[in-house]
Amino acid sequence: MPLLELKGVNKSFGGLKAVSQVSFELNGGEILGIIGPNGAGKTTLFNVITGFLKVDSGEVWFNGENIVGFKPHQVCQKGMVRTFQLVKPFVELTVFENVVVAALNRAKTIKEAREKTIRTIDLVGLKEKTNTLSSGLTLGHRKRLELARALATEPKLLLLDEVMAGLTPTEVDELIRLLREVNHRGVTILLIEHVMRGLMALSKRVVVLNYGQKIAEGVPGEVVKDRQVIEAYLGEEFASDQS
Amino acid sequence: MDLNLILQLTTSGFLLGGVYSLIALGLSLIFGVMKVINFAHGAMLVWGMYIAFTLMNWTGIDPFFSFAVSAACLFVLGYIVQRTVVNRIMTFHESMQVIAMVGVMMVLENMAQLIWGPDPHSPHTKYSLSTVWLGSVMIDIPRLLAFILAILIAAAVFVFLKYTDIGKSIRASADNRIGALIVGANVNKVYAVCFGVGAACVGAAGSLLVPLMPVSPHTGFPFKLTSFAIVILGGMGSLPGAMIGGLMIGVAESLGTVFIPSSLKQVISFGIMVLILLLRPKGLFGGKG
Amino acid sequence: MKIIYSFLSILLLILLLLPNFVSDYILGIFVLIFFYAYMGQSWNVLTGYAGPISLGHSLYLGIGAYISTKLAMSFGVTPWIGMWVGGLGAALVGLAIGFLGFRFGLKGVYFVLLTIAFGEIGRLTVLHLKPLGHMMGLFVDFKPGFVNFHFRGNLPYYYIALGFVVFSLIVVRALEVSKWGRYFVALREDEDAAESLGVNVFKYKMIAIGISSFMTALGGTFYANYIFYLHPTSVMSMWVSIEIIMRPIIGGLGTPFGPLIGSFLLTPLSEIARSYFTKAGLEGIHIVIYGLLLIAAVLFFPGGIFAFIKKIVKPILGESKEI
């Protein structure tokens, strides 16, 4: 049984079909990438999966349960957590205080939550920043904080929305290592990514979206050679030149 | 129930509603452009009233003429308030904006009390008790005049917004703050003028109310709350919504006095406001978020 | 943290001994300082910690005051019990308002307007209820005695009000380190992020408004039995709500000591201004000063005085560890 399965998911805004008949499966332990040009509906898809937006039709199965209609906090309690493309730290709180909120999702006691918080902060490499206000962090550190919070909720499935955008190449490499480590510990990952290096390094399989539709799926190296995919990214003319 | 009474109440409510509309127009204009609620709106109404009242005492000029003076003074006041306070809090968190505007309200309202004293004044104009009959409906002349002038002033504001350069910039920045920046409008000036125009609306409205009711420092408070209800009904930032909402609330409050004491009539506007907030928070005419 | 607790203990000791050294008039001012600190703290739980801005807290004050007073006058129930009934009544109303506002997702100014509307509906309704004194207001019969919560002189009120303040500080501090309090702050900072991390936004906002309205109503009972006269204009107007929110804002929103610091600064100022300027025929000038202070606080000390003090004290105490 796949950990996450989408069956014919639709979502429109007014007349615009942001997500149209999207189906795919994600198995436990896997890392799946979602790519597509800007406005292809990737973030909308995340919002739909995690309950921030209601699907118009279709089913989202997570861990053997249809989670359509669940609120985001319920989705999180079920074991699926997402990060935001524009990071949303609790700016007036320290790194510790940020993460402890997330850790309380599963921790029985405050003490347990604090211990988990310390471990998670250590894992993402923000130990020195533990008592820094999150408003004082660099973008790279904020992205780590976003990740730390997500991890502290103890997810089975982690949805990452462009977590590498805006980072320096070194930071990207560190993050790749970190995500591999997280994956090794048993967390399944679904990631939207524009940073191809990160995507290629992490995911064995990608799904390509364009105008809300799934236009391709497969091994990253193969998919980027797909005619439709090239069209989607570079326009039809370029694709016909290539062929 | 007496049909005549209903006609009578509808008419008088509708006429007062015209003044409500003008008050709400100012509030909605300010909110539409700056996303700030002018809590000092009631105090500004009172300033408009006192300016007209004082002019009448000194020179005998009728409030129905001196509204222009009230409007001009309030424009300046609004401009200053915008430059000194509002402009600095535009990027602040909403709670801080509310608090600063409450501060402005406290200052203006009690300044009025310090200047003009706490006691209410009831000015008398030549026509204060004169009426005309329209069939079986009696119409107060001052109410009718206030209504006509309020609608004319509102129309002038619409013309200003539609045909002058600065008016166009105000509308552009209501649609999109960044858009206005891009077309090169001097946004600070646009905002200040916009706040000034909003204040001028309520100042003129204050002047028009002088022949209708006693002038006191705290007259403005219920009007302010009513105008909140109106802009919620019409849609925050929607100018036509403010006009129609004003008339609707005027009629609703007036008709409501059939069932409840008139001192409770505000409960009707608040009731409407709560319903609209819950069921259609964008208001009847507020299309876009 | 140890330093703060020892400082607080010393402060409490001083305050406990203070009545031996000052006049009844000064004690009266302290009663007001404590009262407003307590009310501000109650409001702070909702707006300062969890985020939704209420400008209608006078409603809860009024509900608490009227319920306990009516229970005492008509049924002989001691205000010591009546205050909890009033608290429950106010909490129910607060939860009802919260249910409407939060279920329908009202945020920012829209929620503010909702609270103002309900505050005014409450005030106007009480104004027209005969059993609550109608337009004349409700006079509380003075029957001195501990059971009746009526005392001669300010001394007993001083200790009761001080008790209220200590109680509210303990509540807020307990909240701060609890799951609830951590969730409140997360909501205030970013609802979407909090929700994505498993925080049930609706539930925790409801808890916040429930606690806040309950606490506010307890203060209402104190007010009724200290002033002995209840009138919707003096108890339930929007102005009362503004009085409630002033101190935590000046002192520091969302901090345990903000309301206390704010009240220590503002209450004596307003008392002095009130008596001094009223004598000089300048009634209302203290409100002008209030207004200017509010504006100045927003423009220059957006975090309140407490944040400012912390900034100064921090280098002395050293970087504070997570507390």
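Here the chain labels run A, B and C in written order, and each chain numbers its own residues starting at 1.
Criterion: a residue touches a chain if its C-beta (ideal position, glycine included) is under 8 Å from a C-beta of that chain, and two chains touch if they have at least 3 such contacts.
Everything numeric here is computed off the predicted structure, so don't read it as measured data.
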- Message: Give me the set of chains touching chain A intersected with the set touching chain C.
- Response: none
- Task: Please give the pair of chains with the highest number of C-beta contact pairs.
- Result: B-C
- Task: Would you mind pulling out the distance in Å between where the CA atoms of chain A average out and where those of chain C do?
- Result: 43
- Task: Express in whole angstrom the distance between the two chain centres, defined as the mean CA positions of chain B and chain C.
- Result: 32
- Rounded Å distance, chain A centre to chain B centre (Cα mean): 49
- Message: Can you tell me which positions in chain C touch chain B when the two form their complex?
- Response: 47, 51, 53, 55, 100, 104, 106, 108-110, 112-114, 116-118, 120-121, 124-125, 127-128, 238, 242, 245, 249, 253, 282-285, 287-288, 290-295, 297-299, 302
- Which residues of chain A touch chain C in the complex? 50, 52, 71-73, 76-77, 81-82, 84, 88-94, 96-97, 100-102, 104-105, 110, 113, 130-131, 149-150, 152-153
- Task: Note which residues of chain B are touching chain C in the complex, please.
- Result: 37, 85, 88-89, 92, 94-96, 98-100, 102-111, 113-114, 118, 217, 221, 225, 228-229, 232, 236, 261, 263-264, 266-267, 270-271, 273-274, 277-279, 281
- chain A touches which residues of chain C in the complex? 177-179, 182-183, 185-186, 189-190, 192-201, 254, 319-322
